[in-house]
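Below: one structure, written as structure tokens.
Chain IDs A, B and C follow the sequence of writing; residue 1 opens each chain.
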Amino acid sequence: MHIPGYFEFCCRVKTLAGHNALESIPEALAQLQAKTPLILTDKGVAGAGLIDIVINAIKDKMTIGSIEDDIPPDSDLRVVNHLAGVYREKNCDAIIAVGGGSVMDTAKGVNIVVSENADDLIKFCGAGAIKRPLNPMIAIPTTSGTGSEVTLVAVIADHEKNRKMLFTSYFLLPDVAVLDSRMTLTLPPFLTSSTGMDAMTHAIEAYTCLAKNPLSDTHALAGIELLSQNLLNVVQNPDDQEGRLALAKGANLAGIAFSNSMVGMVHTLGHSIGSVCHVPHGTCMSILLPYGLEYNLHKNSEFVAEVLYPLAGPEIFAKTPKNQRAEKVIEYVRKMNQDLYDATGGRHSRCFKEVLNRDGKQMVTKEDLPKISKTALGDGSIFYNPEELDYDDCMMVLNAAWEGTPLNRNKIKKG
Amino acid sequence: MQVSSNIEFICPVKTNAGKKGLDHIPIELKALNAERPIVITDQETANKGLSKHMINAFKDSGMHFGLFEGVPKTADVKTIRNLSQKFLYKGFDAIIAMGGGAAMDVAKGLNMVVSGTPEDLKLLAGIDKIQHRLKPFIAVPTAWGNGFEITKYAFIESKAYASHHLMPDLVVIDPVLFKAPDTKLMVSSAMIALTHAIEACIHPNGNEFIDCYAHAAIQHIKTCFPKALTHPKDKQANAGIGQAAAMAGCAFSNVHPGMIHRLGKAAGTMFNISSGICMGILLPYGLEYKLKKNKALVSKLFHSIADFDERAQTSPGAQQQKIIQYIKKLQNNMADATKKTLPLTLQQADISKNSLAAIAQRAIDNGLSMDKDECLKVLTAAYDGKSIA
Amino acid sequence: MGEYKDITPGKKRIKRLYTAIMLWFVGRSIQAAAKIDDDVKKEFEELPDQFLFSLGVTPDGPRMLVGKDVNGRVKYLGSNPKGRKINVDMTIKNLEAAILLFTFQESTAISSCHDRLTVDGDIPSACSVVRILDMVEVYLLPKIVAKLAVKRYPQWSTERKLMGRTKIYLRAILGF
């Protein structure tokens, strides 16, 4: 076990998980002294019929203040203020957020406005500016990937002033995260695969990057095991409820792990490709994960080797000699990507040249790589990567990840 | 619909562990919207001169605090009443408890009173009676305790309280406070932590989230306990046991207390032995009993105790034996470190054979749901130091 | 309640003074490095006009400010943040954490992994600032210490390192 000289760990979110976990919401809200929730979601989630499931699970036991299902993917301050108005008008006393990152961020913003009675959110911007518990909030994720139901960060854009506001505070953690297999049951296979690998990346980076600690480690290992044992199977059998629940738990555990240990260069480069070329986050993560591991291997092979057990299971672990386990992890991740590629009929990309948009055009071209590298140098996650990463290093990794060829490990600068 | 298939987990405690952990307390208080804490501690902690570390941690922080060094050996209502008057009169806004079980219990009691009314100490006794968040509460273990410090439980005079709201917002484990340990107390604390963690892992209502805390606790015991036994002055190793106790407490707060805990606590209370020593004696026999009853628990428990290599190399059939061996080995380490003064059976602990039935009865009265004869099987095995018949 | 005391914890004067001197020296060294090292110069050029960053100990501990003036020149701007608009604010959570950092027991990266350092403001600029601090550390510290402070010790020519080191020390002490 690795015990760092000092660490902090915190996840105050109550977890409810199961095939009928939604039914526990009224009781959970009652414990939080709330009676009238405002349900927030987006059109995609509502269109998939997921809100109906939530409503059916709770409507007999409580009054729903309002259901607002038009949070746009690029939600901003205007949307937050509008929804805060609805919250007040309908006398709501809690928020139930159903969806992915954008919905969660918006819901957190609304909660700051209504709890602090804030007319200007900028006052609460930055690290630790929110100092009091906010009103009750329940988060229901609808993909098994981002882990945003357990993060203490919210990003809200202000399109009018052309700025992004970043909020971090333990009080931004939702009070309850509800993981219900019904919420992810209809997620299409290729989204299941990329969001699943997103979660896998959270867990593996959490376990192998600089800010790991004993508690983030146990969460990461548990997450890796659940995700690895179930991901391919669920992609092949989307109706597998047990598998869906396992993925949801795995993604949640991975989210808890990385929000306490931070992540490294897979995220550094992934965020940048996302912002420059708009490639979905999960796709970036699945492609880059083996490269991040390869790049840092001379610094953290001991930790990477340990990942083999939860990732590949006891037989492969026992069969692989100790000094080859770390390499085996990389090989195994590549094989997972290949298996997912096959299982999704090629929709799960293995390298960036394979990533196509709706019109069948390449989303990342070789000409984009310099700009991506430049952006990467300004991403905060670069601090937590075990090895230094400069512009040339980024270019080398990106070139390899674009082609889909393994890194030449002799070329990695070691200092 | 099987609502019972749903799982639940909560751990409201933030963990800050390691070098200079104390120095982070002022900024943590600020994040909890507090700036005027009262620090309460017991005579023993004060006598060891540990209060000065707390004072040092607040230097240059701009914060002032009140220091009370008179928590008695067990928590009492009178101390809580006096402190609550002080708290309200002086306008404090947070509680920091430094020390062992009594300091934590007084802090939890004080928190119920100052967050509500003096009557609350009567009204809130029992399970899950607290409806609201209490005031910010930081727990700073300095010594070995009863294993309930970082849990949802409080014991004040004859009353017991259980609520997640009683758990500290933050636990700080700083190695600087773990010096001059009393080996027997340390052993007791480690055994309580190990028992709590193991029983949480194999609990029928267990889940992956509980396991994360339990596994981390067990790994701390595995890494730090043997070292703390052979190097009693090693602060890191001793702090590791404190860390294990805190993590085990978080896991323990999410399940009902298990059989070994209940029997150990009953025996300890009745014969005035520290209950951790009793749990340590009972652990191999209790586990043997449980594993015999439910084979599915073997691999679960082995998972929690063994490292990856052991797990990959041990066949399922050999796991049970390895578990018991591991615990017995720990017991022998403990016996060596205490120069064989540590009892390894109930008999050696001077408990008479004909009182075993009374121990079983007491554990059952306290909430253990197990047949009395079955309890006796475990107790008898632990008395004789032999496998379960 | 005989065991009750009101505690006024006081200050750690020596640690405060040491940290203040280190911050002062690092601040002046950054100003010097921006003049004599091309890589440091380049990092600063990429930062916005009148960029200002601050590194200090909370609350009210020693602090340093470094910024670009209207002509784009990099200046050490003392220790008083009042009335200034700070783009990147790096805060060390307490004096003991600052001591760990400035006695090189913990590197900048480890310090932030240990949750002892918080960064507020524009993140890309903050990344530049960390790279600048790393380069300045390589100049100021002997290799054996600097190797612990940065993740990858750069392969600079001996000339660059030694000449640079001499110039920066001189300029930092003399203040030009």
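Definition applied: a residue touches a chain if its C-beta (ideal position, glycine included) is under 8 Å from a C-beta of that chain, and two chains touch if they have at least 3 such contacts.
Remember, it's a predicted structure, so these values are computed and weren't measured experimentally.
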Between the pairs B-C and A-C, the one where more C-beta pairs touch: B-C
Centre-most chain [mean C-alpha coordinates]: A
Most widely separated chain from chain B, with each centre as the mean of CA atoms: C
Inter-centroid spacing, chain C versus chain A (mean Cα positions, whole Å): 33
Inter-centroid spacing, chain C versus chain B (mean Cα positions, whole Å): 42
Chain C, residues touching no fewer than two other chains: 114-116
Residues within chain B bordering two or more other chains: 16, 18-20, 24
Two or more partner chains touched - positions in chain A: 4-8, 128
Residues on chain C engaged by chain B in the complex (per definition of touch): 1-12, 16, 57-61, 93-97, 100, 114-116
List of chain B residues in touch with chain A within their complex: 1-3, 5-21, 24, 30-33, 131-133, 207-209, 211-213, 215-216, 219-220, 222-223, 236, 240, 243, 247, 308, 311-313
Contact footprint of chain B on chain A as seen in their complex: 1, 3-21, 23-24, 31, 33, 128, 131-133, 169-170, 214-215, 217-219, 222, 226, 249, 253, 256, 306, 309, 314-315, 317-318
Contact set on chain A toward chain C in their complex: 4-8, 126-128, 210-211, 262, 377-380, 382-384, 386-388, 413-415
Footprint of chain C on chain B - complex, ascending: 16, 18-20, 23-24, 26-27, 39, 43, 46, 55-56, 58-70, 82, 86, 90
